[in-house]
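Two complexes follow with subunit A in common, the first pairing it with subunit B and the second with subunit C.
Right after this comes the complex of A and B.
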């Protein structure tokens, strides 16, 4: 087991390097950079002459190393991250990226993880029910629901819920707190208010994930229920409950655990899109603004951090899988 | 990873087994295409999805004919007009065989001072089919002014209402569907071609080539799909013409999407690599690329088509999300995502909820495509009962 963990850890290192490189390529991809925008602003809004504006932006470029070759810039960037936790400079916020990024990333991960737990939980339970009650009314109902869940665009669900809450229930929507609680210290009333807001992103993001898990679990269990060892278990006279939960479910659930690491990008993606619409204090809206304003260090860093979190998540999922299934360890 | 291969291996083994069983039991021999068609027909939702998609495709191709109004033509006096209802019975209780709409008069709500449109029972405009109104050019070849449906001037037929510039929402949805569906189709086909090529090489040669391609795929899949597309399309210069942006979005979607198809194809190819017919071809002295192109890919083709069908809804979703967030298609070109951008303001949708209709259309289209894909998958792959 230890051997396996070390092997997996070593494997993650080149992945981290590649991810950081790709992120840096993305940072440098847009043809115009923030300095071009800034030069234009300096001319149009601050009323500087083109020469003055160019001089200022050139000084900025020199200060942040933007005039050096690509590979040197990349090296400096990575060095800054590893040694000082410095992700570069957000020109739009006029602050280092690391100052604006952490809290938002934490909220994103909280929402995505909550959705993950809920969608696996509900998905597995409903999947088992659907498979054991194949073609019953409820099974068909859940199947249609699952299809709807994977087909509806995230942002559209968020829009419709916002519309419904704002104009039919007439409550405060958007964000994670009502205005009067945003700056208040934690209290019971604030917590209740938080829950009233928190379920919306959970629902929006969790919908597709739950639907997906439901389908996968149902399909897998149906396949397993056709296999011979299930027949053997039944022939031995084991009670149906034992056959299903001890023999069939154990094998059918494995792909879900295996895909747990793969489901996370999907949920984070849902969170990013939903939070842009709902205006949550997560990375979504900030990522969106950064892209619109070509504040690429911020956007690229976000992207890289998500990927890094996912590498770690996959690592954990693999270790979990190896712990559950000895065959994996000796591949 | 290799467990996935195992699963597909088993799957293929049982596919082959079941296919032979089915052939034997029928007694008569059918081609594989016929077998698939027979099985597909039994999947009612799949057939339904296929029908819906065909209708949508026809409407999109002949968009100017089906659109009652010119999608780009503003009518400022009719801004934010609510959807008109189709009537069969007039206010006197008389039944009309030809459905009609009432003319709308703009009044002001005395409480909110908002402009509202009220039906005027005096003005009855029967709905006419194959009516002649505004001019258009179909594929740049045929000039015509024939339209599927409409009403006589000065009546209006805004079945889905109008937007903030008084443009007919139904016509805009029809034109937007053209872009949304086409972009997803092109993106999916290109992704499938690249994916089959990369997946084919990767699965067939294994070893070094395989591991390089697989690392590349893994790397790209580590990033969440949509945020990666968002970041890449932020690089499309904002001063490009609409067609350039369109191509840019296709490129961005393809760059990310091919990896998913490559994975699928690789799994399939891997299971055929050691098949007897491949060995036979090799013994006969066939070149590797020849074997991939003429022996392996055709065997995977049905599978590739299924994956392709399931990729299209994914790309429609991606395009609408990108355009909704202002990072995809840009006006004046319309797509469903662009249309929904008008609905991103809570105040607007509160007053004019019909602005959200494009979302319902997206949902319906994706649902139909998913049904179709599901039906095809069941038909091609009898493993899933």
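Right after this comes the complex of A and C.
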């Protein structure tokens, strides 16, 4: 087992290197860069002559190393991340990337993790119920609910909820806090206010995942319940509860664990539009802006963060899977 | 009730007495009579063979005795399954499949091994854990004692170095070894009846012989009864004391192994015996024409084998044949027997 974990950790290293390089390549792919945009803005909005504008942008290029060869830029970027935790400079925000992203990343991880835990929890429980009560009224009810959850776009759900809250319940909607609490220090009242806002993105972003987990769990458990070893367990004289939870669920839950590895980036990507609609301080909207403005270090850093989360998520899922299923360890 | 006038059979006490068992499945197309008025008896220390083609109700009969017929589609709808203890008789057919009494019987006094050794063990638990589970459940032993018992029983079924193998997972075992482990699991609680549902079908011929020999040795040692379900008549000939031939949910013929093999009465039994290849014979192998009827919504009141029967008469498609009793507990469900009785 230890052997497997170490081996799996070593695989992650070249993956991270490759991912960082690809992120950097992708960010540099579109023609022009932030300085092109800036030069135009200096001319049109600040009224500088083309020569003055070029002089300023060339000075910036020299300062941030944008005039150097591509590989050197990449090397400097990676070196900064590894040695100083410096992800480069955000031209758009005029601050180092690391100062800009952490808070956003933290909120994103809080929302994504909460969504994920809830969607796995509810999905698995409802899935087990559905599979063991196949074609009952509640099973059919959950099936309809799951199809709705998977097929309705989450930004639309967000809009419906916001409309309802704003016009019928008449509370503040959008964001994570009411305006009076945004800058206030944490207090019980702020926490309650936070919970009143927090459930909306959790519900919106978590709906599809919950629905999917429900369907996956139901389908897998039905398959496993038909397998011979479940009959063996029954033939031993075990109570039905033990047969289902010890023998069947343990085998049916594996695809859900595998899916967990991919869930984080999926959730982050899934919440981009919902976050824009709901005005959430997560990385989704900021990533979107960074891409539009060609704020390369910021966008590149986000891209890499998502990839790192994906790799770490897969690593955790693999280890969990190996712990659950002995057949995985010896591959 | 069938009369058991046999020489050695009456010396044994009755263990299981199945009377007119009916197990039906509700399907989308209607009611499927998987087991239709099946009656048979198993005596202590005896081996009963059940033969028949796929889908004839062999496995469902076995699962009915264990009360593990797939719910909610399948259910026992009639008949009795009388299980004889020293001092009491329990009708399994009336027990709820989840009842305390049924769970104490299942896996403890009556246990079962299955056709597919590759899939009949749970892949995520060690062999030892799975056997210990049954021992701890039924014998109320602590973990250490259960583990020792597990190692002992693994050794008994011929698994080499059982103290190491006990902690291995099913995927580290070969098919034959897994079936031995299944037998170990089934025998771990010293059952009085072992039901083996095609235990060697998925195995190589050499391994098959080993498993059959093992079962016979263990039967001699432990004195249990065996119900051996198979479509392999060779296996039956080697191990069974009496044979039950099933067709489309019916018992069409029963008798001692000698009677069934040397004096088969039912055309289906004869056809089955003719379809066994014989070494040294160049004769074309006989097959039974047609196939097993679809049991869904099968109209009643005629002989289901008539369309495939070479000796079919008019009465066969008009009336269901009753069960005719011959000497030595030999019974046949065929109109031909009436003809013989009339002409005799």
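Everything below uses one rule, namely that the second predicted complex is superposed on the first by the 328 of 331 C-alpha atoms of A that agree within 3 Å, B and C clash if a C-alpha of one lies under 4 Å from a C-alpha of the other, contacts with A are read in each partner's own complex, and residues count from 1 in each chain.
The rule is short, and it goes like this: a contact is a pair of C-beta atoms (placed from the backbone, for glycine too) under 8 Å apart; a residue touches a chain by one contact, two chains touch by 3 or more.
Note that this is a predicted model, so its numbers are computed, not measured.
The superposed arrangement places subunit B and subunit C next to each other on subunit A without a clash.
Looking at the shared chain after the overlay, A:85 reaches neither subunit B nor subunit C.
Within the superposed three-chain model, A:50 lies out of touch with both subunit B and subunit C [touch as defined at top]. Shared-chain residue A:121: touches no atom of subunit B or subunit C.
Between subunit B and subunit C, B touches the greater number of residues of subunit A. With the two structures overlaid on their shared chain A, subunit B and subunit C come no closer than 8 Å at the level of C-alpha atoms. Within subunit A, no residue touches subunit B in one complex and subunit C in the other. The residues of subunit A lying in touch with subunit C in their complex are 227-229, 231-240, 247, 250-251, 324-327.
In the complex of the two chains, the subunit C residues touching subunit A come out as 66, 68, 98, 103-108, 111-112, 114, 116, 119-124, 126, 130, 133-134, 137-138, 169, 171, 182, 185. Residue ranges on subunit B touching subunit A, taken from their complex, read 2-3, 215, 218-219, 221-228, 230-232, 234-235, 237, 313, 317, 320-321, 324-327, 340, 343-344, 346, 349-350, 353, 356, 359, 362-363, 366-367, 370-371, 374, 383-385. The residues of subunit A lying in touch with subunit B in their complex are 15, 18-19, 22, 26, 29-32, 147-148, 150-156, 159-160, 162-163, 166-167, 173-174, 219, 222-223, 226, 258, 262, 265-266, 268-269, 272-273, 276-277, 287-288, 291-292, 294, 296, 299-300, 302-303, 306-307, 310-311, 328, 331.
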